[in-house]
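Have a look at these structures, which come just after this line.
In the two assemblies presented below, chain A is common to both, partnered first by chain B and then by chain C.
Moving on to the complex of A and B:
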């Protein structure tokens, strides 16, 4: 009698624990962002920044003078791709966007919450390399987020480099 | 003499509620009540700059308006010779702030600029700071207000849109201070007087509000702060506010704020 009860309790416990774990796992996967999302155009940083050695700032033009680094507009792509590799299927896709006069809906990989006042300008002017946060993008064919972008990760670097007022909340939060 | 002054300094240090021997800047606002005509431009400027929601008549009646700056008016005398006094009141950024001692989660603290700042992410909405504030400067978000589709383009991108359950208050437009510091750093110079202007001071049509750094002896603020008309709100509470008012002087030479 006691044994059956014990077995029932253990089984119930296992079911409840399993359900909780499953729900937690599902929620976690649902809410955690995709680290390397599929982009509308299979753009390769490896070809552009790696093989052909185009500097980051050539396309991300605002990086050293604004908060955001700036996603290049279609015109900037077409500046080269009117001539270069016009017959490749991805470039035909790009030309389609250009002819329809439609911006490309890139999926954001490095997405910061609304209350973070991160600025690219200050970090670039401080002489930091883009690789420090974005990883070696020049070797990625599809961009993958390598850093956690969490507050502790930011603060570690601020502490290590002894940033002036680097640990005050309102230096970054807004 | 020297020992006394040393002891006095030490006591002063101990009494300082901030954690800084000396602030980098001591941002201060001087409001000349002689110039204030109570138009309310500062209020609407604050609404526009800091993404404040307009809560509506009913919520206002429950004193849930989300104005960071308000104009208090006092009417003196009967109709023919009536005198109206206006005092713009915002967060006073007290150096010895009662709200900072009150917060259980350390969401409000003093930063190195002498500002009393509120960290929205830490705030859990216990309402304690609002109860402790003698100036009634703190505002609580009872609901989440979202602007409708075309109007959400009006939001200031440098300021968070606060959500329900968050205490908020005036910040002396800290985003502008940050931007001014950014600019100064680009030009490789120190922050100078007139670099930072909060939205209320910018909007003031009579120039009653002056904002600056009290640590800098040459700034407009430190010159104005030496004025004999100077007073601060509820100074007897020893909160040491950063907002300095200059008395309004009437025709008969009497200051109206002498109560």
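Moving on to the complex of A and C:
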């Protein structure tokens, strides 16, 4: 005869374990993403924006006229690196991409879901400093996300700055 | 539960959470990739749309469109606000144009047949292979070039793409161009030419008319230029001149009929008789404005309302009241299309309506029929006729006179009746090449396919009729780079022509089609002084034309005035203008009316899931076929909504689901055209029924136009079913959803 009680105990244990496993997985996915992913080329913002004081918009050329700021195209990198530091191992990697005519597949650090209609253009036009959302990129040798990019975080700022229609759903979710 | 067990569960839970977290960490995707351009194109800003002007090729109306292109992809099509035909508006066909571009079943490279003919099995080959195979085949015909046939649709409005195709054929030495276009206005053009002497479709000035009497012309859905007429209709109803009246004559209530003030359900095939009896009544009451009313009175003696009333199934009083209203409203306008175009004696029906316009004095006046001036481009302007009809094609194929066939822009296996035996004809032809973007029913018979660009990737131009009272010159330019290994349609003809060599090559433009097009426009610019106004050099003019979408400046040619003489139409009206229907009335009690929907038209829309998903405006049915049956008729046959019924003509049988329509004559059933494809991609294939299959093969002997409303049918219930449609019930059923009142009540409340 089967011990019904024992079966119930084991089944309850399996259920508890399964639920807990799911919670753990979700916690990781939603609350502990990789904030500073490893990039195909070890590009340092500290050297470019920090030490050499190159303005952000020199490379992210679309920030003031499009929703996206624009990942620098490979031609732009080569514009300088045909001459500068051509023997450094990371630049040799870059030259490799250029010669193979292959774009560099960077890993996204700041990712917004499709239902968010964020646009860089408006925020730049409003006179915001890039640092406000992206942190002090000029001191980072590998870019790390510093803001949560959650809706509450957006709204806090909209409220603080008294943005017109800043709390209207349609402002961002079009 | 014991304390011990509780703690055990806590432990298990803790371990689970930890393991889940670690599992998530290990399997976490490395994040989305951000892939930059290697070298950025100059005119693209990522995330910002650019708009390019071109024109819509979904039907022959020639609406100007603006395509929003983002990151090199065509995203959205809207009307071009500056274009005179559609004035910034666009119909659902135009909106769904991008689905033709991105259709997953588009042909992506040249192909040759790998299976049996008709099965649609092909393998990809290179362009060099494809062009040399076709050229080699054509070179073998060199001694008898007339054995090459081109099967196309009514391409002549397509400007210089058509010119290149024509010079290819004439250079090769073959006069055999077959034109097949199920919904083409061939009968109307013939009738207008014979009665009024017009070579182009005139401008029907719906906008400025006060009384529109439409014989079957469903101008809100699929007649000639729906967007342009839709706009004009809005002006007629709600513009500054007060509300014009619309009367629709048709056996099945169309979308236009549903908008009309009066719906006259004349007996199918007798609309021409009704038109002539209205004309007679106008003369009889002394209301005619024509100078030659006297001679018309005797010519129309057979159409006295007292005698015609029984034939047309409209009461004598109503004919007189229509005649009185039509003659007294100034200006008034009668138009004809839809089911009239589809009768075997279509031209006579159209001429009957021309006579009515003439008698009421509506030709050549504002708000009436205004003849169009000559188009800018002097493209050859052949009428469709028996020489290039499908029956001639079938006979020639049967007799072995066709050795090679090029198919471009026509699909007769789907759009011709089974009785036309197009498939047998194709089977007799040794070599078939198709210039098609999709494997449709006709292309499935091809030995080789040379796929052209989608019109959003191609160059071209158009001088559309009826246009906007004149033919605007509109340019087609690529708005995106080609998605696949395809070539421009003009360039395919040029490539093949050059590969054939000899005279054919000599007739082909030396450069590629894009440069040929530019050169042709340069010639037009040199000839036309109005074009040069405001653009001192051709380069300036061309850049401006491309950014605006075309050129539609002042026309210098005054339209000719036209009139209908008894002499001109006598021959066509001497026989009865009532259409004949196949099938014995006892065995086949119902008239079968086929009609094109705005979304599917001749079936070309079936490849788009958006259009399949869009509810039909009159029935709200989606993704399939239906048959409209009058509620009373259905009750007498024991048919309820959604039932599967068989529709049988003397020529075949189809099955469809019943829709109980209130707006259809009890002796008529109606089936929409467009579904029932056996090929044509995943969204069209094996869906619904193709009613064209069960038609008799009747062509008008003068125009070669196939009669789609030409048979009687019987209807029997064969099973139960449920129709997929949006509405719960088409009628209010006392729910008081829309408040209504009579005009008198409204006046009382207002006062």
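Couple of notes before you dig in:
Heads up, the rule we're going with is that the second predicted complex is superposed on the first by the 145 of 174 C-alpha atoms of A that agree within 3 Å, B and C clash if a C-alpha of one lies under 4 Å from a C-alpha of the other, contacts with A are read in each partner's own complex, and residues count from 1 in each chain.
By definition in this document, a contact is a pair of C-beta atoms (placed from the backbone, for glycine too) under 8 Å apart; a residue touches a chain by one contact, two chains touch by 3 or more.
The structure presented is a predicted model; accordingly, all values stated were derived computationally and were not measured.
By the touch criterion defined above, A:170 reaches chain B but does not reach chain C. More residues of chain A lie in touch with C than with the remaining chain of the pair chain B and chain C.
Shared-chain residue A:25: touches chain C; no touch with chain B. In the superposed pair of complexes, A:132 makes contact with neither chain B nor chain C.
Once the two complexes are overlaid on the shared chain, A:112 sits clear of chain B and of chain C alike.
When the two structures are aligned on the shared chain, A:33 is found in touch with chain C, with no touch to chain B.
When the two structures are aligned on the shared chain, A:62 is found in touch with chain C, with no touch to chain B. Of the two partner chains placed by the overlay, neither chain B nor chain C lies in contact with A:92. When both complexes are overlaid on chain A, the residue A:6 reaches neither chain B nor chain C. Looking at chain A, you'll find residues 119 touch chain B in one structure and chain C in the other. Of all the residues in chain C, the ones that touch chain A in their complex are 5, 8-9, 12-25, 28, 30-40, 45-48. Listed in rising order, the residues of chain B touching chain A in the complex are 24, 109, 111-112, 115, 117, 119-121, 158-161, 174-175, 178, 182, 185-186. Those residues of chain A whose C-beta lies close enough to touch chain B in the complex are 114-115, 117, 119, 121-122, 125, 165, 168-171, 173-174.
Contact residues of chain A toward chain C in the complex are 9, 12-13, 16-29, 32-34, 37, 62, 65-68, 70-75, 98, 101-109, 111, 119.
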